[in-house]
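As structure tokens, here come the structures.
Same chain, two partners: subunit A is paired with subunit B first, then with subunit C.
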Partner chain A sequence: MAKLNWLVLGTILLLYALPPLLSGYWERVLSSVFMLTSLTYAQNVLLGYTGYPAFGAIAFFGLGGYTTAVLMIKVGIPFGISLILGGMVSGLVALLIAPPLMRLKSHYFAITTLALQIALAELSANIEITGGAYGINLPIYKGFLGTTIFYYLFLSVLLLSFLTNLFIERSKFGYALKAIREDEVAAESSGVNTVLFKSVSFGIMALITGLVGGVYAYWITYIDPESMFDLLLSVKMFVALLFGGVGTVAGPFIGAFSLELVSELVWSEFIEFHGVVLGAIIVLVILLLPGGILKSRG
Partner chain B sequence: MEVLPQLIIESLLLGGFYSFMAIGFSLIWGVLGILNLAYGSYIILGAYLGLILFRYAGLDPILSIPVSLFAGFLFGVLVQKLIFNRAMKLEPFMVLIMSFGLDVLISNALNLVFKADVRSITVSYGGDSFIVGDVIIAKVKLLVFVLSLLLALLLYLFLSRTWTGRAIRAVALDREGATLVGIDPAKIFLITAGIGTAVSFSSGNLYGILQGFTPFDGGLLTVKVFLISILGGLGRIESALAGGFLLAFIEVISSFYLGEGWKLFVALVVMVAVLIFKPRGLLGSKYYGET
Partner chain C sequence: MSLLVIEDIHKSFGGNKVLRGVSFSVEKGEILGIVGPNGSGKTTLINILSGVIKPDGGVVVFKGKDITGWRAYRRAKLGIGRTYQITRLFTNLTAFENVMIPLHYGAGEKTSVRRIEEILETVGLSHKIHSYASDLSLAQRKRLELARALALRPELLLLDEVFAGLNPVAVQEIVSLIGKLREELGITVVIVEHVLKALSQLADRVLVLAEGKVIFSGKYEDMVRDKEVIKAYLGERYGETA
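What follows is the complex of A and B.
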């Protein structure tokens, strides 16, 4: 298992050297692969290690993306700082709402986060500062490295999210999270401050997810409620996680890479059937994974 | 002109339909413990079925309700047998994800067949309305309201008066206990899935006369039945009625006073509050075994 983790780390570092060899197409494909992988890692912190499925986690993708865009366009803050602030806003909002929200368990928690996601989408479609249903146009990036910068940004968020997972796997903090996952009452009674730890876990998930949203917003240069709060992205993330192995460090990487590469390469050939195939894959992954989530537990 | 009476009438008319639409979802959730995110797409499937019968068989959507009830029942039993029966052993959350996959599958398949154009079932009496004092009542809405409540009443009688209906409630209440008195839960699951899906298909008929639809409208409908089930509480017909009327009221009032775009947001905020402070819904009691 540990060997596999170092292999993943090595691969990520190697990917930093790749851009000179890549065509524009492959750069884009890999960027979207990194994006899904980072989101999957973020979710692994929460579902994999803490046992809470945030079905509407993309709420924080949208929150981070919109915060970044609004700070850049309406306030005039440079992208780099806006991006970090966007991630921090996501993380802080998550920390604040976690204590009441995480009293709910299993699919009640899942659907409440989904409600949060739809509510944020509705909110951003209705208020002025986010451009309403029309969304926000961002300038096209023309600086250092050109569009290749987004490849590096996504890859760096991926590296960050991977290291976070590695840290959680091996640290005391991670043990506390796993204790919550296995038995929250037992964890509480053996001295783990469960509310604090699970809130921090939720916050980390939201911080990374928000950062990914921020990079994505500047990458596609046009954001609207539909693209920033896309439920399909949530679901792809969960399928990648389930496919690769929940609660493992290498799993999200393997799951997200295979899912997104297959998605890009095979399905771009059959645009019309894309949705049908994706739906079928989701159903099949769940049905055919023996034990699913439970496999990595215990 | 006083506008409030009109708003109240609109809420009531819409609420009747919402209640009926949500009964199937709520029943499946309550009895089988499955949160079926494909439910909205089932409704849209029903709407397209109604459209086909209207176009090619000349059958009024009202008259084709028995057909869609039957087709829905078969479809529900089939999907339960092929897919959900296998998934019910998994964690509820996994089934949730899977049902979303089913939703993606159905809506995209509909899109392949019918394309994304807005379709509607245009009945000859579509434009008529009654005027009572200051209040305008569209004939179609009244018809849908009456039919919804009638079908809900029939379902209520079925659940409370027949042996099968009582068995369904028994399984929902206590799976082991029901097995002990000779009820086969597997059979009850199939029947419940069938009835729930029959409700969704037939409410698709009604939805089709009320407004236009596209293959991808299912998602929003799922959110609505979900809101209704949370607001009212799970499983019982009375809960669906309470939730349905409440949602309609929230929607009508907030779109009038805040603007059309805000209605879903307001409804979601109310729902999150209910979930956090009263997770069993406003009328929900510990009726179903699921926690």
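What follows is the complex of A and C.
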């Protein structure tokens, strides 16, 4: 298993050298692959290592994206700083709501995060600063590297999220999360401050998800509630995670890459049946690969 | 000074008054047995002592500190270890990892392989160090849970029906293990148990709970003759078939 992790790291580093060889089309395809992979890694921190499924994690994708966009357009802060602030706002909000929210477990927790996602979508559609249902137009990026910058940004968030997972897999910090995943009551009576650790885990998930949302907002240059709080993205992220292997370091990479590449190559031929194929894959994964391609002990 | 003092503990679940003013104290190095019929509040009491649930009223004092409002992880750090009636191991982690977590987070010790081996050796599980908890037998799981509690370097060990489901040989092994822990490490033990034979060998003192109240406190030999205990717990025919 450890060898596979280094292979994934090597692949990520190699991908940094790839852009000169890529057409604009492939650059965009890979960018969206990196995006989904990062989101999957973020969810793996929470579901894979801590045992909490945030089905509405895309709430933080939207929060990060909108914060970045609002800071850029309404406040006039440069993109780089807005992006980091967007991620931080997302992470901090998660950290603050975690203690009450994470009294809930499994499907109750999952549904409540979904409610958060829907509430934030409604909020952004109805207040002025986010442009309401019209959304926000962002300027087209024309600086250093041109649009290739987004390839590197997504790849860098992917690298960050991968390293976070690797750290959790191997560190004492990670063992606190795994103890919570295995048995929260027993974790607490083993001296683990469960409220603190699960909140931090939720915050890390939201930070990464928010950063991805921020890059996405500037990449597509136009955001509205529908695109930033997209339910299908939540579903895809979970399918990728289940497909690759929950609670493993290499799993999210394998799951998200295969899912997104298959989606790009095959489903573009069946635009009408996109949802049907996705549904069929979910059913097949659950029936045939209940632990994912890489089965962890968790 | 007593190691543990609890005073006038009350706890209700909905309209069900499980504990109605329980008070007792435990001296350092003592082994205290708690018995009582099903539903008499034994496990609730252990949960209140370990911080898993909060009492509605009353005080818990450990090592002279009022820990009534403390969360379980702080009590663990302070030196209260426990096991569960139905084992609650980190099942998808190895025995090594199960012990490493409380050693690091509870006792705040360096987690060397040697130290973890030593703890597993104490409970006779060092040969299973790399086995997953889910692959262990029930007796081994109970031992591992004991090892996990010992990794906290506890001064007080709370054992909730540690003998339940074990065969007589395994019961005897754990009886001598608990005796050894007291002798060698000076650990104070509170043990909730239905296996009276095991208690008769271990407990310095027995407390009988019935309907949320302490109805007897004293030596095991006196307990089995106590009229109220016979009526509430043992039954008139106790001893005839044993």
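Here is the rule we use: the second predicted complex is superposed on the first by the 290 of 298 C-alpha atoms of A that agree within 3 Å, B and C clash if a C-alpha of one lies under 4 Å from a C-alpha of the other, contacts with A are read in each partner's own complex, and residues count from 1 in each chain.
Here, a contact is a pair of C-beta atoms (placed from the backbone, for glycine too) under 8 Å apart; a residue touches a chain by one contact, two chains touch by 3 or more.
Here the structure is a predicted model, which means the values were calculated and not measured.
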Open item on the list: In the superposed model built on subunit A, check whether subunit B and subunit C fit or clash.
Closed with: fit
- [ ] Check the residue A:242 against both partner chains and state whether it touches subunit B (first), subunit C (second), both, or neither.
- [x] first
Open item on the list: After superposing on chain A, what angle in degrees do the C-alpha centres of subunit B and subunit C form at the C-alpha centre of subunit A, to the nearest 10?
Closed with: 80
TODO: Kindly classify A:286 by the partners it touches after superposition: subunit B alone (first), subunit C alone (second), both, or neither?
DONE: first
- [ ] Determine, for the superposed model, which of the two partners subunit B and subunit C contacts more residues of subunit A.
- [x] B
TODO: Based on the superposed arrangement, let me know which partner A:189 touches: subunit B (first), subunit C (second), both, or neither?
DONE: second
Open item on the list: For A:226, using the defined touch cut-off, is the partner it touches subunit B, subunit C, both, or neither? Pick first, second, both or neither.
Closed with: neither
- [ ] For A:111, decide between first (touching subunit B), second (touching subunit C), both and neither.
- [x] first
- [ ] Considering only touches as defined above, state whether A:179 meets subunit B (first), subunit C (second), both or neither.
- [x] second
- [ ] For A:126, select first, second, both or neither according to whether it touches subunit B, subunit C, the two together, or no partner.
- [x] first
TODO: Compute the least Cα distance separating subunit B from subunit C in the superposition and give it as a whole number of Å.
DONE: 11
Open item on the list: Touching residues of subunit A toward subunit B in the complex: what are they?
Closed with: 53, 55, 100-101, 103-104, 106-108, 110-112, 115-116, 118-119, 122-123, 125-126, 133, 231-232, 235, 238-239, 242, 272-276, 278-283, 285-287, 292-294
Open item on the list: Per the contact definition, I'd like the list of subunit B residues that touch subunit A in the complex.
Closed with: 35, 83, 86-87, 90-98, 100-109, 111-112, 219, 223, 226, 259, 261-262, 264-265, 268-269, 271-272, 275-276, 279
Task: Of all residues in subunit A, those that touch subunit C in their complex - done: 172, 175-176, 178-179, 182-183, 185-195, 296-298
Open item on the list: Could you list, by residue number, the parts of subunit C that touch subunit A in their complex?
Closed with: 50-52, 71-73, 75-77, 81-82, 84, 88-93, 97, 100-102, 104-107, 111, 132, 148, 151-152
